[in-house]
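Both complexes below contain chain A, partnered by chain B and then by chain C.
Here is the complex of A and B:
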């Protein structure tokens, strides 16, 4: 099956005060029709830039796609003309954002904004579009959709606004929905509702979802496959259940150790302390050296790690970029020191 | 319809647009409402006053420099030629305000065009347009306007044009600053993600959100433009063919030591108008600025 969205050796660079830094390098990803792919990592690891790159929205300036290819449905859209990209955005590829508080235009009613996205892609009358708006608001579970469509964003709660964003995103039946931390700004009960809604939408319309998150819990709950990113590279990739069961990269294990899960099985907890922390922070992109970007924070790091960057290759079942995949420290030593 | 749990229902609110909210905020501001009433009264006088105080403003009604009230029927006295000041005041109001409004309009049009282009596209376009703006900004405004007016022979049109040309830089800088701020906001990226192009993003997404400070600045520019016109007329660069308050001051200034009223009365009219416009402008500023709102 041809992948719906595929990134091949994508490299994105940004012009900054420190000169040109590489925000993404050698990113290769496939999204298959109808599946959910998770992209997980800390702030600043390149998740959001990856999402924007899929839509041809890398901010330029200062960003540049300097190498690699972006393909949608087999079509190379890396250097597609602006007009073609505008057709795809909102038409075949849609996106929802992290902050429902700020991702809606405050001066227009939500109905107007959804209608606008419909009218941009479909040649129908305004009245017709408004009818579709009410249907969409109903589909995403907004009560009294007709009255709500005349509300301004500030009159709605965060969860409602995120539903409105989802309604806008699915207004033209996209094949791919990119969700950039869709629940980070919402409280947990609303989070669960939004995930439920996304699953419903996927079942109903067969849309593929790219879920960008820093929350391994969301990965476990939502995704079929996952790519773990660190400092602009994919460091581990594979089926979500395999990676959750058997994380090979110490960073991935650190992320899993960070989730406070009630009643987690003992088998996975004896490997790490109950609530692990990953010491240190993501290194600034302009200070990345020759070695593994995670070496500074890794308890397993040795001289090789500091001098040679591990390639992403199949080891012990799935692709991982680590010189010591799956190795565990001797009992007594802990990852988080 | 949806199988998901429904979002918690909110009390049904009436849809209040940000503009309507600002308006109700404005109405709670006493000085601003006072300014608006004052402005309405002045405009009403200028537009309809001639139905009460009829007369040809050019006609000589009595001896020159008759004091106000010195003779029945000449309420505000006469000027240096013996023309009735009240009828002149009513006749001169409309051109004064027309110059103010059209100069402010031109300021806003140029300012938004330059500022939006510079702020939205950035890069070399921004550099180029901002250097141009600075070039206009460092020229002494009144002198530059005088040069322009003398260059094209004074008329209401050229005066408005000259005032507009010298006044747009602050509006352009304000627009640019707003665009720089708003273009980074998430709803602009969201608009791009639904396939909106540059034109749509500039006009439909960023500009409506940048409008409040621009409305305030445009309102205040009207007052500045009226003063500007008075200044030009005072210096003898007004449109000699149409009476304006500035022209009245300019023509009578040589007789100031003998008679204060031909200068002071149009001066007070200008003062009241600019005062009213400023009150309205400040009121709009407060109404649009959520940080100043008292809830």
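Here is the complex of A and C:
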């Protein structure tokens, strides 16, 4: 099956006061039609830049796509003219951002803003567009859609605003929906509602979703495949089930192990054992050396790890960038912080 | 059983939100409505709920950092709400807070060593000559190096700043620490470091925590007892094993169902059951009956007419007419 969106050896650099810094290197990803791909990692790992690159939205300056290809539906859009990119954005590729308040215009009604996107991409009358808006608001579960379409963003709650963003995103029946931490600013019950809505929409319209998140729980619940990122590179990639059940990279294992377990199985009277920790912090991008970027925080790291960066290659079932995939420390050798 | 360290009864907090027009009636927002809880020495009580549920206001009113409009708070034999200012100030060294945002809760113009030392000077704890030594000890305790004492807050990462906040809170040897979402601004990997640290310090010093969080996983990890709050009221109160194995209030069950978990897989066709609709109602016009009735999947006529009181069911206290089995 041809992938819908495909990144090949993508490299993105930024001009900073520390000089040229590589924000993304050798990023290769495929998004297949109708699937959900998760991109997971800590702040600063490059997951949002990856999403922006898919839409040709890497801010320039200071950002530059210096190498690699971005293909959408077989078409190379790496250096596509601005006009073509504008057709794609909001048309075939749509995006939902983290903070719905800042991505909606406060001085227009939400109905106007959704209609704007429809009128830009479809050749229909204003009245027709307004009818579509009401239908869309109904689809995303907003009660009294007709009245709500005349509301301003500040009159809606955070969850409602995110629904409006989703209505806008699906207004032109996109093939690909990129969701950058769509629920981070929301409460858990509202997050659950938004996730349920995204799943319903995928089932109804067959849209492929790229879900950017730092939450492994969201990855489990929402995605078919996942790419784990660290310091601007993909360090492990594959079917979500495989990665969650059999993580090979020590960083992925750490990300999974440091989440407090929730639910009945952990409801014992005893104290829960301490959480697994990943010591230290993500290194600044301008200080990355020749070796594995994770070596300094990794209990398995040896001289090879510090001098030679492991390539992303198939080992023990799926691609992982590690010299010691799937290895565990001998008991008692744990390094405490 | 020994007396609780902190005992809160019937706590009420109202905010004056002004009149509607100049001839309008003054309006009150009842943010916290009749809260009771007990916190034992060396234990952790979790206050859980969504934004707007009143969990932070409750905790701040309990240690008199927010003005309460009713109720009583006993801390170690003192009636905190009735104490004169000077005596309240003397109690402050036993009551400390760790805030959510490690970026705004540290003064950017002070060196972090001075930030940690400040409570010692303000409350005159220990002799002045020994305070520098004490600050060094505190830095070691939270996993920072003494040579970092001369740096400024912006030179630290979020997790390190939270360690500084913890050191500052520990400085006066407090008995109770209010932790107001101490890990929600941190990346998961760093979150685990801080949670482990908080628990280690509790064991070492017999600290009691009043722990505010919206994340049930975090709460299950660190809390001994949990009060689930909804719109300014406690709707369920139980110890950890009871609450997580047998949630009685439909809202608690909804929170558990909503929280993402590694066990729920898209591949196995996971579908969420019984999720609530809509958002928290406005606290300005509270419904007559149960506050949760408008979103509850099991609400009946009685729920909309009559507010349920907190009552004992099994090992839990639940405010619901039709608690779950």
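Simple rule for what comes next: the second predicted complex is superposed on the first by the 320 of 337 C-alpha atoms of A that agree within 3 Å, B and C clash if a C-alpha of one lies under 4 Å from a C-alpha of the other, contacts with A are read in each partner's own complex, and residues count from 1 in each chain.
Keep this in mind: a contact is a pair of C-beta atoms (placed from the backbone, for glycine too) under 8 Å apart; a residue touches a chain by one contact, two chains touch by 3 or more.
Small disclaimer: the values here were computed from a predicted structure and weren't measured.
Asker: Using the touch definition from the top, say if A:127 reaches chain B (first), chain C (second), both or neither.
Answerer: neither
Asker: Thinking of the overlay built on chain A, is A:287 touched by chain B (first), by chain C (second), by both, or by neither?
Answerer: A:287: touches no partner chain.
Asker: Could you say whether A:193 touches chain B, chain C, both of them, or neither, answering first, second, both or neither?
Answerer: In the superposition, A:193 touches chain B and chain C alike.
Asker: With the two complexes superposed on chain A, say which partner A:258 touches: chain B (first), chain C (second), both, or neither.
Answerer: Second partner only, chain C.
Asker: Would you check which partner chain A:36 touches, where first means chain B only, second means chain C only, and both and neither mean what they say?
Answerer: After superposition on chain A, A:36 lies in contact with chain C alone.
Asker: If we overlay the two complexes on their shared chain A, which of chain B and chain C does A:160 touch? Say first, second, both or neither.
Answerer: In the superposition, A:160 touches chain B and chain C alike.
Asker: Give one of first, second, both or neither to describe whether A:278 is in contact with chain B, with chain C, with both, or with none.
Answerer: The answer is second: A:278 touches chain C but not chain B.
Asker: Check the residue A:214 against both partner chains and state whether it touches chain B (first), chain C (second), both, or neither.
Answerer: Second partner only.
Asker: Show which residues of chain A both chain B and chain C reach, each in its own complex.
Answerer: 143, 157, 159-160, 190, 193, 196
Asker: For the complex, give me every residue of chain C touching chain A.
Answerer: Those in contact with chain A are residues 50-51, 143, 157, 159-160, 187-193, 195-196, 199, 214-218, 220-221, 240-241, 243-245, 254-267, 270, 272, 275-280.
Asker: Show me the residue ranges of chain A that touch chain B in the complex, using the header's touch definition.
Answerer: Listed in rising order, the residues of chain A that touch chain B are 52, 55, 57, 61, 82, 86-91, 94-95, 97-99, 102-109, 116-117, 120-121, 138-144, 147, 150-152, 154-157, 159-160, 163, 165, 168-169, 190, 193, 196-197, 200.
Asker: Quick check on the complex: what are the chain A residues that touch chain C?
Answerer: Going through chain A, the ones touching chain C are 36, 42-43, 143, 157-160, 187-193, 195-196, 214-218, 220-224, 239-241, 244, 254-264, 266-269, 272, 274-279, 281, 337.
Asker: Which residues of chain B touch chain A in the complex?
Answerer: Residues in contact with chain A: 1-10, 12-13, 15-19, 122-123, 185-187, 189-197, 204-205, 208-209.
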